[in-house]
């Protein structure tokens, strides 16, 4: 790019002047609740048939109130779980921006990536001209990014389900946002049904003390945190989860040995081939655990769906149930 | 000896030429950096379009900006504040670095050396972690006081408070010995860094946010941040520039400077607090970006000489230009923290400087 | 004769190793306008402390110190810098500056313009360089200079202050014999030319005797001898004060100097000597 000289001088002059001029307090796009101006986002042609639904004000998981004036036609998803929900609601074609971690369903691979290595490229999000952005909570999408997008006038819904009920609620939320409430209800009902089936199948059975290994890094063991989604899933699947610290999700080896798991589920075996029942049993101190002595160390291949709080979380629950109660729950 | 060989003070003769060349060069670089910084990124915008958009949005010239609305948003709401933020931070850090090198008479002095970085880091980390540990403190989404995040305010307060503490400890009998200041700063910094590490350990999910802050980033700089940090950095620069003579005198050493009428203890205190204000304002909006405050003054001393009448403004301009370019590099490299770019480029360059010229180190007074 | 400096009953002490050390104990001292006085005494006798007391940079426990007729406590730093210049021991100069720029820093107490320098400043700098015999160094860079050249620059910087009183704090410490003599000769010359009053702390008795018309010797926290070299440079006084026996000698042209007879350390028992390396 070779700028022509007069442009540089003029640019410089204007930039100097712009620095002196009072900073534009808010750009015309900067109101979250006013209608998005005829700039980014709203495509006039997508006026919904059920006109009464919009404008719509929703409250997201972070407590923000977000108003949508028309049914979104261009959606950016900042988390794989959000992408899966959108697609499960038959709206895959509305996605114009996703993350590089999104891998399901297969058709999303071609969509532009606006998040790379967990870094949100705000410019790319803006360039995609979305009229709805689905962010992730708990700093998975940094709050500063959410604030920035909101200030630019983009409707941002932050989703952070920490239980099955909250997943249902988020599916309903997105369903409401994109005018797919029927599909959302259907999906939730189906999910509920399957969850109830699992609960019935394990009802009354002994609950083994279950340790789910998320990862082990440099001597620190990560597992389900106390009160976490994963812990509740294990419970629903008929196990008694051994939990780690709420915030750091780590557990000291001594505490783990003291808790004495009867069943060890190796979540990290899903992507790390070096994690096997044998290598785990060989770890110093681990042979003190009942699970290791009895050979109840199970490789888990479904860690992705177990930990992704989207529509396939039920697949994850079922996988957990099969691992915990293989006799009671069939594939 | 020859009569009338008037020794030419700075503003006459070849010194003036040098001043023009240095300032002009740095200024030209800044202009190029601004154009590139605003035009390049995920979306490339030609300089003419940049011009048109700015003219339209900021000066009301022209019926429309001539580019798509999203491009316009990108230029005015994303790139412009970010580039201006880079200017403010770069200028603030370079100025502060220049001043600290004069006060401490130490070539390794950077704006953070007496505790600003450690204090600001602790403040920011507390601001990030506390709402997670104590949910009652999460004052709604965004957690803003007057639109400024708690993180920025705590970072600023942390930086200033730490330096005040260090000065308080190092000061004795109205004097502020440079070595004591340095060592106290080091000790306090280490202590606070341990606090940061502890909080990082307990932070869980917020670890990424903390780390990103520590590495420094201009991604979240908004107009409000600029409206507050900008005037602070500018005001500090003006006051420092007005005190150029004190800065020059300090290079002679505390004793000789005092004999020439300078209240050395009080002046060092004043200069330290001013430089700290500038640094804290910069760090509050961008996190701890390294190397700018260290390398820019050294670079310029080679080109511009140690006289602060030229060194200080030149540092500000060059610091601004370099950080805009570094931020551009960070964006083009995929959104990595700008502190990584300044370290990756700054460190080898500094080593190169050291090899090329012995004057880098000897230019510092002993 | 105007009194430039008047000191009466001065007591100065400071803390060292947890104890209070009395350096000056009821010292009386007077210097009149135009004098050149050399301050002498053993290490630690308080010569530098006395200099500092004259300019008020060291707190006094008791006694009176007046400069140009006014109590030193009433002076502010700038006033002082306009009338008193100090030539330091150290020859370190900040690198990167031209000599002219460094000398110009000496104009700081008088500076009227905020940014540049006035014609008066430029003239003073030129005069100072000329008087210090350093005009040829004006455009040189400080880091290129030899020790003797640096000394001349420092003298020029002191002269640029246009002082009435010049204090020298062992300025010959880092100079070779030729430069030592040159410095003191030029100081004496300047004293005449600019009407300076000079107080010089020196460690070399013979050098002082050769250049200063008045010697003041410190011992036990007071001035124990004060007068022209002939009266002060007495072997018995030197022996009592410095702990070394000296012999008097004369040059061919009649100048008198003192030569130490033997090192006092050589008479000490060996354990101390054995403790020395090399």
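Each chain carries a letter (A, B and C) given by its place in the written order, and its residues are counted from 1.
Simple rule for what comes next: contacts are C-beta pairs under 8 Å (C-beta built on N, C-alpha and C of every residue); 3 or more make two chains touch, one makes a residue touch a chain.
In this text, all values refer to a predicted model and were calculated from it rather than measured experimentally.
Visitor: On a CA-centroid basis, which chain has its centre farthest from chain C's?
Guide: That would be chain A.
Visitor: Using CA atoms only, can you tell me which chain is the most central one in this structure?
Guide: So the chain sitting closest to the middle is B.
Visitor: Between chain A and chain B, tell me the centre distance in angstrom, where each centre is the average of that chain's C-alpha atoms.
Guide: Distance between chain centres: 37 Å.
Visitor: If you average the CA atoms of chain A and of chain C, how many Å lie between those two points?
Guide: 78
Visitor: As a quick test, compute the distance in whole Å between the mean CA positions of chain B and chain C.
Guide: Distance between chain centres: 43 Å.
Visitor: If you look only at chain B, which of its residues touch chain A in the complex?
Guide: 31-32, 34-36, 38-44, 46-48, 50-51, 54-55, 57-59, 68-74, 76-81, 84, 132-133, 140-144, 149, 201-206, 208-209, 212, 219-220, 222-223, 226-227, 331, 334-336
Visitor: Within their complex, state which residues of chain B touch chain C.
Guide: 1-2, 5-11, 242, 245, 248-249, 251-253, 255-256, 258-263, 301, 305-307, 309, 359, 362-366
Visitor: Under the stated contact criterion, what part of chain A meets chain B in this complex?
Guide: Spelled out, the residues of chain A in touch with chain B are 1, 3-4, 7-8, 10-12, 14-15, 17-19, 21, 23-25, 27, 29-30, 38-40, 62-64, 116-124, 126-129, 138-140, 142-148, 150-152, 158, 247-249.
Visitor: In the complex formed with chain B, which residues of chain C make contact?
Guide: Touching chain B: residues 55, 57, 77-78, 80-82, 84-86, 88, 90, 92-106, 108-109, 111, 114-117, 121-123, 125-126, 129-130, 135-136, 138-139, 143, 161 of chain C.
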